[in-house]
Structure formats: C-alpha cells, structure tokens
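One chain, subunit A, links the two complexes that follow: it is found with subunit B in the first and with subunit C in the second.
Right, the complex of A and B next:
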C-alpha cells in the first residue's frame, strides 16, 4: 500500500515533533545569518497546522496537505511560510484525486513542490537556501525506482550539511555576504526534518512506495 | 474619479503604518493601506492582511503594492495571484521614497503602469541631487 491520508497525518505530526524539539537550534542557526525567528516561526506554523488538521476527517492526502499548506502560509511570518506552504500546496495539487500515493506519484509531487519553491523564491541552487536540499532530493527520487528510507535520509542530511560552506545569495543572509559561510542554512535544516520525518513514517509504517 | 490604490507591505506593522501616515499627510485623494507585521503584530508579513489591504484600496484603476524585504515580496505575489485580478502590480522600488512618489503620481490621476514606473525610477535618483 502506498502513502495514505493516515501516513500524511503521521508525517505532519513527526515533522512537528522535530521542529518543536529543535526550535531553539533552528533559531540559533537563523540568529547567526538571518533575522533569528526561523525556529519560532516554524514551531508556531506547525503547531497551528496540527490544530487545524485535528478538526477534520480527511478523505484524501490532497485535502490534508492543502490545509497543512494553507496554515503554514497564513501562520508562519517569515519567508518559510510562503516557501514551505507553496511546496506542500503543490504536493496537494499534484496528488489530487488519489486515495494513496505510489513512488512515481511521490516523485512527481516532489518535482512540483520544488518547482513551486523555485518560482516563489526566485532562487537557484548553490545560493544557500532550501533549494539546496530540495533539488538533490528530487534528483535522488528521479534516479531511483523505489523508496529507500535510509538512503533518502542520508541524501537530505548530506545536502543540508553542504549548505554550511555556501555563501548566501538569497534571503536575509545574503546581506552578510562572506560572513554567511560556516553556518547551515536554517530553511535547509527544517527541510531536512521534514524529509527525515517522511522517511521514518514510510519505514515504520511499512509503506511500499 | 478614482485613483490607483496603494498598499505598503512591511515586516514591521509600524513601518507600514508610519509610511501610510507620512504619505496621507501630504496626499489625501489616494486610497492607501498599510499591511505590516504578522496577524498577531509580530515582525513578518501576513497573506490575509495583504489581501485585505488590496480589497480596501481597490478601484478599477488598479492597485500598486510596495514591499520592504524578500519574504514580503513572496506574500505580496501570493496575494496578487489569489486576488484573481489583473490590474495589480508590485513595484521593485525603495519602500519609503518609492511609496511617496507612487502616492504623488496616483494623486495626479496617472495610470497604474505610470505610477509603477515612477516608483521604480526612484532607485536611480540620488537623494542629494
């Protein structure tokens, strides 16, 4: 069985747990090179998404993803709201009408999420943004034919860590120029938690994608 | 007669409100609205506030949005897309001087495109002359 509504709910819950646990760490990363509110904003947005999605019984992954996305868009104050919100919203649109999601559909959903991030953020790779995690992850999904949880998590982690040595060219960190080097990009760190959580749900629940 | 409406989007509620105060002190015949801060008044921008501000100042002459920093642009673009209207533009201009010039141009009955261009030209004008 592929990814169902229940799995998407677990994905959101697990991501929220990681964001809440690492709220201070994410904020510290953002204090180093940004405006220092990333952890707080993401924690607030995900907490609201948990509350919002607890109110309804969702019939499809798409409906749940949509409410998740819209909550992030309206409740996360910084750039992360529109960016993560757009990514999840594009996934919602991509899997519309499906009761469960298989590997090819998951890959397409990620491709469209990345396209949404690129369009919304006007960013490219190597600019020290979450694009530096999402782009390699999309390529990884495209190059494989079945979901390998450990490899997926490793790929996301490695991509996140590579942002450390990059100089920021987008976002508030870009104003710091070369001083932005030496710190992991906060949006990439949050992206890692999101992706790691998906990987854990797929493994733990025995989802076959 | 209606003029081009103007929306100021800032991460700071007070910057947006202050700029509205600054421009409306000099220009009274233009609809100007501030959309600053998050929904609970923290630093950030909020999609619903921007949508609301657009609707408040909207006329058939259109609306020009000015913004401060990167993520304000993202939310302004989303608001524009969600509005479903085609006579809303976002100026790539300094918020304060661009906003002031936009208000002046709008008050003279200029078109949306003319107001946009005037605001964006501010980038090229040294303040010391």
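Right, the complex of A and C next:
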C-alpha cells in the first residue's frame, strides 16, 4: 500500500513534533545568520496546521496537503511561509485525485514542490537556502526506483550539513557574506525535519513506496 | 528580557488594539485581520498599502491616514505577514482605482506581497507594486537579495500617498513612488541589540564599547563592527557612504531624515543632525526640510539611520502636501 491520507496526517504530526522540539535550536541557527525567528515562526505555523487539520476528515492526501499548505502560507509568515507552503501546495496539486501515492507519484510530487520553491524564491542551488536540500533529495528520488528510508534520511541530512560551508546569496543571511559560512541554513534544517519525518512514517507504518 | 508586555505571543494584536483606541479619529482595525486602515476614505483614489513585520513602530501603521497610507498590514515581530493578511489590506484600501503596494526589499516581504497580488488579481482588484531598497550598507546586485528597505521607505509612503491624493491614476502614482525610490538612499548604525519578545533574548551580542556601522533594522550585519565613535564621526561615515552612491550631488536639494531606532534620545539624534547639516552644506547640497525622530525603529535597538531624498519640483510639492497620520503630519 502506498502513502494514504492517514500517512500524510502522521507525516504532519511527526514534523510538527520535531519542529516544536527543535524550536529553540532553529531560532538559534537563525540568530547566527538571519533575524532570529525561524523556529518561532515554523513552530507557530505547524501548530496551527495541526489544529486546522484536526477539524476535518480528509478524503484524500491532496485535500489534507492543501489545508496544511494554506495554513503554513498564512501562519508562518516571513519567507518560510510562502516557501514551505508552496512546496506542500504543489504536492497537493500533484497528487490530486489519488487515494494512495506510489513511488513514481511521490517523486513527481517532490519535483513539483521543488519547482514551486524555485519559482517563488528565485533562488538556485549553492546559495545556502532550502533549495540545497530539496534539489539533492529530488535527484535522489529520481535516481532510485523504490523508497529506502535510511538512505533518504541520510541524503537529506548530508545535504543539510553541506549548507554549513556555503556562503549565503539569498535571504537575510546574504548580508553576512563570508560570515554566513560555518552555520547550517535554518530553512535547510527545517526541511531536513520534514523529510526525516516522512521517512520515519514510511518505515514505521510499513508503507510500500 | 525586560519588557512592558502581557504575553510575548500576543504583542502585535494588543498593540493594534491600543493604536486603534488611541487614534480612532485617524485609523481603525479591520476585525479579525492584521490590518489597520484609514477611517476617512477618499473615494476613487488609488489605495496605498504597506506593511511588513512589526517591531518598527511607528512603521507602518503610524503612517496610515490622509495623504499617506490607506492600510498597513502588521505582521508578527520582524516577520512578513502572510498573503491572506496582505490581501485584507488590499481590500481595505481598494476603492475602485487600484492599489499600490509599497514593499521593503526583504525576501519574505516580497514573496508574501507578490502572492497577495496574485490573490487580489483573482478577485479582480488591480494591484501594482514598488520595492524600496534604500540601504547603501548592502551591495546592490540582481543576483542576490540586494539592498534592504529601511527608513527611506517613509519618504516613499509620503510621496506615493500625496500623489494618490491628487486623484492620479495608478500608473502615475507608481511612477512618482519609483522616482522617490530612485532618489532616496539611507544608512544606519547600531549601538545595542534588540530582543524579539517571543525569542526572549537579544538577537546578537554587542559589547558596551562597540557599535556597528550599516546594521539593518532587524539586526542584520552591517559593514563593520568598531569601537564606539563620536556622533560627528558617525555622521561623516554615514553621509560619505550615502554620497558615494552618486545620487546626491553638489547643487541638489534634499530632504533629510534622522531616524532613531528605538532607544536613542532625540538629544543624540539632534547632535547627529548638527553635523549632517554641516557636511551637506560643505558639499553644496541644500537641505530643503529635515525630519528628526522615530520613523522606522528596530524594537528597542539604540542607534540611528540617515536618509537623503533628492528633490525636484514634483517631489517638493508632494512632500509638502498635507498628511494627517499619527506619526507624520504636514
């Protein structure tokens, strides 16, 4: 069985747990190279997404992803709201009409999500943004044919850690120029929690994708 | 953290309530939104909307009123409001002649305001935008995020608002706002850090004997961290960097804004302005008008910014036009 509405709900819950647990860490990352509110904003938005999606019984992954996305767009604010919101919204559009999501469909959903992030943020790879996690993870999905949880998480983690040595060219960290080197990009760290959570849900629930 | 607040997570809502109560003759809160809008509307006029993260008071709601903004969208502290709230601001400001968004150049603000424009177009409201990037502390580049929008934005509010009040169509209001953006340059400096209420501790450390030249209004890094200098030395550095940009030359007439960042007394701002006015006179630049006070703050940061707006006949007339807002009156 592929990813169902229930699994998407678990994905959101798991991500929220990680964001709440690491709220201070994410804010500290942002204090180092941004304006110091990333954890606060993500924690607020994900908490609202949990509340919003608890109100309805969703018929499809697409419907649930849409409410998740719209809540992030309106409640996270800053650059992260539109970027994470657009990513999830593009996934929702990509899997519309499907009750279950298989590997090929998941890959397409991630491709669409990345395209949305690139369009909204006008960023490219190697500029120390969440693109530096989403681009490698999309390539990883494209290069494989079945979901390997451990490898997926490792790929996401490695990509996140590589942002540490990059010099920021987009977002507020860009003002630091070379001083932005040596710190993990906060948006990449949040992206890692999102991807790690998906991986954990797929593994724990025995999802076949 | 030592702040006069009730709940760090509720500061923006409570501030909006207090503002609306204090200035009910000028502005009102649109229920269930992050929008403060004008009480008296001028029908058939282009609406001017600005906003962004809170913590910069009186920006932007303090400039809501006749002759400046029709609506201000108050995001969380230092965080752009989401597109749904910006859309509410657009709706509040729209009276059929279209709406101009005045956006400060930060990634989040630009993304959220652009998403709101797309939503407004779906509701058949005509919306256009200008992006203010007056901070010369940052290198200008189309490849990167580029220059930040800081206190010079208030001049853009004034010029756009005054032009809209004449009944000019959206394209002309936008053209005047863009002229103001081309003609305004700013630079700031900080003496101390500031604390986002929900974060509970300062965003960065600054030693008692240090200052930072070029620091942004959210504590973003500037050009250099140095030992504390005198007001005259700071005035020299800020003006010299602004003039290096080449917009303001001998023979020009300018409006000057000496802006306090939250914890700097007027005494110090006036001391700085004494030197600024001397330097401009030496350079052959005529000061037409000077504004000294708090226009765009960074919560309780100590420090200032200096903005110069080069004037022509049109901009002078628009700068002098009446404005009735809580933080700017002409």
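Operating definition for what follows: the second predicted complex is superposed on the first by the 209 of 209 C-alpha atoms of A that agree within 3 Å, B and C clash if a C-alpha of one lies under 4 Å from a C-alpha of the other, contacts with A are read in each partner's own complex, and residues count from 1 in each chain.
Assume contacts are C-beta pairs under 8 Å (C-beta built on N, C-alpha and C of every residue); 3 or more make two chains touch, one makes a residue touch a chain.
Since we're looking at a predicted model, the values are computed, not measured.
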Query raised in the report: Should the pairing of subunit B and subunit C on subunit A count as a clash or a fit in the superposition?
Result: clash
Query raised in the report: After lining up the shared chain so the two structures overlap, which partner does A:115 touch, if you call subunit B first and subunit C second: first, second, both or neither?
Result: neither
**Report entry** Touching partner for A:78 - first (subunit B), second (subunit C), both, neither
**Finding:** both
Query - subunit B versus subunit C as contact partner of A:41, first or second or both or neither - result: both
Requested in this report: Could you tell me if A:27 is touching subunit B, subunit C, both of them or neither one (first, second, both, neither)?
Outcome: second
Query raised in the report: Any idea whether subunit B or subunit C touches more of subunit A?
Result: C
Query raised in the report: Between subunit B (first) and subunit C (second), which does A:181 come into contact with in this model arrangement: first, second, both, or neither?
Result: neither
Report task. Clash-wise, after the superposition, say which stretch of subunit C runs into subunit B: 56-64, 200-208 or 254-262. Result -> 56-64
Report task. Please identify the positions on subunit A that touch both subunit B and subunit C, taking each partner from its own complex. Result -> 35, 37, 41, 73-79, 81-83, 120-121, 170-172
Report summary line: Per the touch rule, the subunit A residues reaching subunit C in their complex are 27, 31, 35-37, 40-41, 44, 73-83, 120-121, 169-172, 174-176, 179
**Report entry** Touch list for subunit B against partner subunit A, complex
**Finding:** 38-39, 42-48, 69-71, 74-75, 77-78
Query raised in the report: Quick one: in the complex, what on subunit A touches subunit B?
Result: 35, 37, 41, 73-79, 81-83, 86, 120-121, 170-172
**Report entry** Contact set on subunit C toward subunit A in their complex
**Finding:** 9, 53, 75-85, 106-108, 111-112, 115, 138, 143-145, 148, 196, 198-199, 203-204, 216, 218-221
